[in-house]
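Each structure below appears as structure tokens.
The same subunit A turns up in both complexes below, where it pairs with subunit B and then with subunit C.
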Partner chain A sequence: MSSVGQGQNGSRWGEALRSGSLGTALLFLAPALVAVVVLRIWPAGLALWQSLHEPGAAPGFTNLGFGNYTYLLSDPVFIESLTTTFLFLIIVNPVQIGLALLLALAMDKALPAAGLWRTLMLLPVAVPQSVSAIILGVAFRPDGPVNALLATIGIPPQGFMTSTSQALMTIIMIVSWVGVGYWMTFLLAGLRDIPPILYEAAEIDGANGWQRFWHVTLPQLRRTLTFVLVANTVANFLVFAPVQILTKGGPQGSTNLIMNEIYTRGFLSGDMSGAAAATVILVALVIVVVGIQFRMMTERAKS
Partner chain B sequence: MGSINKVQYLLAGAVIAIACSQASAADVTIGFLSSQKPGAFSDVIASFEKANPGIKVQAQYIPFDQLNAQVQARLGSGDTSVDVYTVDEPRVPYYAHRGFLMDLSDQRAEIEAASNAAPIAGASYDGKIWAFPFWTTAQFLFYNKDLLNKAGLPEPTGDPAKRLTWEELLPNAKKAQEAGAKWGFAFDQNDRYYELQPLYESLGYGPGLKGDKLLEPALTSDGWVKTTNWYRDLYANGLAPRGVTYEQMPALFSSGQLAYMVGGVWHARAFRNAEGLNFGVAAMPYFKDGKPVTPTGSWTIGVNPKSTKKDAALAFAKYITLNSEGALQASTVAPQPPANKSAFEAYLKRESEAGKTPAFGDIVRYDLANTAVNRPRTIGYVVFEENMNKTFSDIRNGAEAKPSLERAEGVLRAGFGRLN
Partner chain C sequence: MKANGPWLRFAFVVACCVVVMLPLWWAAASALRPSEEVFRYLSPISVWTLIPREWTLSNFAALSQGPFAQAMINSALVTTLTVVIGLVVCSTAAFALAVLEYPGRGVIFAIMVVSFLIPFDSIAVPLSELFRGLQLQNSYAGLILPGIGNGLAVFMLRQFFMAIPKELSEAAKIDGLGWGGIFLRIYLPLSRPALIGAGLILFVFQWQAYLWPLLIAPNPDYHVASVAIASFAGQYDVDYGQMFGGAVVTALLPMAILLVFQRYFIASMASSGSKE
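And now, the complex of A and B:
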């Protein structure tokens, strides 16, 4: 704090300190800061520590230290859960954001009964993901209503959650059922923030609908889209409830997303240090992926 | 109330404060974690508290599927809010190894005097007793009399020495289905190793684990693949329903959609209360070329070694297991046969008479003495069971038997490699 009072930033801090407003600000921020430390930073540190140390109170697994990481990265089940997670993300992110954007564009137009549509789209958001999973789980049962519906139009019954080729897609459908409406609200707010004058100018320049979308809407929506992309990616990395409730990672590991793998490892098999190491790997992956996304979005903005 | 003055308020306050401090000095509250339905143990807890003034039991109920996760997370992190908990019998070796169970060897004489031998073996590991034997289990072949009548099928005998073979049962199940039953036959715990292990053991193909410490998977022998294909065919042929979880299975039987079901003895009471259901019980079938084998092994009661109220915890654990009255009352909870010798006989009499199913007692007694097989006793059991249940689920829902078993073997090798 010796630099307080020097330079531009320093003088602001110094001024704040002298006037006593810094203390007040810290006081107001304290609950949030404590929550961040207690709920985020401390558990993350604990996971890192646990991934390297077998807690003395829990014998039963070989004391592996860094070996936890080499073991995990050579374990076919863990590697499979990573590839499944990436496959899931590659499909679910564009699907959710694309649909959310389409819906937001539709909602932005003066549709008849817009309030009703908006309510219908937001309804799944209000229902907890686990409840949605249970309801849709019954719907997608082999002898459930969805197959009955398909039968009426002559389509043979589908496996959905019992088929290795369809289970992940079913989970994607269930997750998107909730996600699309949620992300739509952010994109709709972003659309409403675009100054109408830009569209008027584009129209005067003779731009057609597609050109207006490409040259006005998308660049203006970039900040919102960056947020939605990053937040959606993180949320999808952490998908757990529908998998746990509906498939428990099966059939044959086809829906074993990384959060389910960590849960199974830690809480069902009791391999806490292995689960902690898997958590550290997950956090590292999220940071890398989000970092790349930020970079891509800002570079495109510069260009 | 207007006549009460300040001094009286203060006096009343002081009296309440003293009363509270005395009560807290005398009362001990212990936490009891179980996976039964909420409120299931209320009556037995009330009786215990009446007989043991000063000890209060706070019951914590969680679903069966979450019990293991809770125990691992809470006891593993040194949580002392659980003093006593229900321990699935095959998990005793692993929990003992991890330090989740108090060594009860000094209670051996008392336990041996009160309990049957098989459940004691189930609560033991490495020469020591780690839990109080609580319940044991047996399975029945439940059958729907109305559906069998409709198909012109005879009722299976209640004599366990003359039980049906699978080869006799399945054609009948098919006939029942053709005559109108939605499903012909199903296992109630359709994906659980517990109920499927006897299929392999009946034909002599072993439990799926080998080696000194039972830490080597043995799932891909011809016998295992053949038997797994038999199980797979039940679902592939439409005799049994796909995509239905264990929790939903008994309802298929009680609502008259299922002709035959292998299921735990504890379902008998719910079926008795199901309106319009006319059912009977017979012994679980076996393969013609094999011998009758039935699953067993149930719950034990463990004490948290880190409990700060061990005396009270032991008193409660003993009351529901070693005390014959407490044990009999607790056996109304699930209701499964108590491990306690005298409560066991009273239980069989009570359940046989209540259900007007005289075979009830005969089958349970016969199977526990002659056909019951325990699950493998190894520290690897938790990893084994979690993976086997998933594998059976995959196969039931259509996955090929051989690659699924090969895959399970690989997963188990990696998992067992971590255990020491």
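And now, the complex of A and C:
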């Protein structure tokens, strides 16, 4: 691209057209571009348009307005699903990432049969969420094996998914069964990338194990941890299969996470515009939460 | 670390692995025992909780006769086509984003990555309305299409293509090969590991899919395995033996594939640091 003279930009376009590389590129790009437009941009736009233009269950809806949103935000069921989702995220993210980090640290140093343990922890990734929900759902039944196990160590039977206070925790245990091994794999890769010389230097400076973790491992792992935190948050925002299969949001709305709320609203109550508005709120929340997490993680780096 | 440190570490790792594998083991054991014995050896807990006392393949035999067999065929078909078509879509896009030069390439790359960052499940409901408008409900096309464009696969293949020396394609061009030939005869053959990694991403996405098939293919003829499994749980008279049999089959196939290609999957996760 070393054309001399005026109109650098114009000559680039001209050259691209003359050599046919633009046409070739479009040909190569076309299927993916169509997929992006039809499968992501169009439905996202559709949800926004529909939420603003079509009356659903919202009373007194005018042609263009926020009727669906004001209706949704004054509906206690929707508000409760939002608070449940946030409660869920506040518990599930630290639990999964904390356990994954502990495991990654434990596996980072030499262990007998290290590859075997890493593989075993990763295997549940392959299991569809509906399948793990089915298996663990039966395991957590009041008459299931988990209570039988608790009985042998003298703990009285628990309600698990039938109890309003335990159902959300049970869903958390079910999604963590897959999540911990998955995020561990990323964190382990991140730990392997830390130059050993940093640890050697810290050791010469007399740092103990905890100080090495705090001053070397954590800062060096920041990029990986940021990614894991963000990706895990997004994944947990969208948890659906265990809820829909096992609790349908109950008992008494205690597990009604936002994806289940959108599904119930759109397909069981037939309020597609309300579901569209809820979808827009969900996407906005994901963007905001992810933005805040990025901010926090990069600011911590500066200080 | 203290002398007991490594042992503590080892015990923690093994304990986690046991917790992770126990449900799968129990599901497999339950699938291999007569259906009426699934809940029989629970209390008190004994070895018979985890090892079938009476072995049988009757659950699998029953599954192969019922609607679950069709669901497995659907899953296999949908997933295979997703991987094949998805690899074509993603690798051509990655080639255009990594190798071809034209103005606006950076912008197109940004648009593509950012749009694919919208989590698919979050827009599944409006998309399913769109697809119903296009008469794509209860069809293989409706099941397959959302899986074919995957930002992570595009990103990963692009990274790989960029690492291939430009001299190769320049030499080929002098020999009279067009861009199509360069793509097919130079880039693709050199990219087998990346293609396997991208294929695994497409495979796992489609095999795991639950919300989308539930929305777009409610007709039992088009149920995929992950949905068929859930419909077991919805029945009044649940046959637990068959349910566990189906769960084991649905879990084992992707696990076997992951075991074989594990290193490509880990490499793709580590290199991209991004997940769909």
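Keep in mind that, in the parts below, the second predicted complex is superposed on the first by the 258 of 303 C-alpha atoms of A that agree within 3 Å, B and C clash if a C-alpha of one lies under 4 Å from a C-alpha of the other, contacts with A are read in each partner's own complex, and residues count from 1 in each chain.
Quick note on the criterion: a contact is a pair of C-beta atoms (placed from the backbone, for glycine too) under 8 Å apart; a residue touches a chain by one contact, two chains touch by 3 or more.
Predicted model only: the values in this text are computed from it and were never measured.
In the superposition on chain A, A:281 makes contact with neither subunit B nor subunit C.
In the superposition on chain A, A:142 makes contact with subunit B only, while subunit C stays out of contact range.
In the superposition on chain A, the chain among subunit B and subunit C reaching more residues of subunit A is C.
Legend: residue contacts after superposition of the two complexes on their common chain; A:272 is shown touching both subunit B and subunit C.
In the superposed model, A:163 lies in contact with subunit B only, and not with subunit C.
When both complexes are overlaid on chain A, the residue A:75 reaches subunit B alone and has no touch with subunit C. In the superposed model, A:97 lies in contact with neither subunit B nor subunit C. When the shared chain is aligned, no partner comes close enough to touch A:257: not subunit B, not subunit C.
Of the two partner chains, subunit C is the only one touched by A:22; subunit B is not.
Residue contacts after overlaying the shared chain place A:171 against neither subunit B nor subunit C.
Of the residues of subunit A, those at positions 143-144, 263, 266-267, 272 touch subunit B in one of the two structures and subunit C in the other. In the complex of the two chains, the subunit B residues touching subunit A come out as 68-69, 72-73, 76-78, 94, 97-99, 241-244, 379, 382-383, 386, 390, 393-394, 397-399, 404, 407, 410-411, 414-415, 418-420. Residues 1, 9, 12-13, 16, 21-22, 24-25, 28-29, 31-33, 35-36, 38-44, 46-47, 50, 99, 102-103, 106-107, 109, 111-112, 117, 119-139, 143-145, 148-149, 151-152, 177, 180-181, 185-186, 189, 209, 223-224, 227, 231, 234-235, 237-238, 240-241, 244-246, 259, 262-263, 266-267, 272, 275-276, 279, 282-283, 286 of subunit A are the ones that touch subunit C when the two sit in their complex. Across the complex, subunit A meets subunit B through its residues 57-62, 71, 75-77, 141-144, 159, 161-164, 248-253, 263-264, 266-272, 274. Across the complex, subunit C meets subunit A through its residues 1, 6, 9-10, 12-14, 16-17, 20-21, 23-24, 26-27, 39, 42-45, 49, 88-90, 92-93, 95-97, 100-103, 105, 108, 111-112, 115-116, 118-123, 125-127, 129-130, 145-146, 148-149, 154, 179, 183, 204, 207-211, 214-215, 225-227, 229-230, 232-233, 240, 243-244, 247, 250-251, 254-255, 257-259, 262, 266, 269-270, 273-275.
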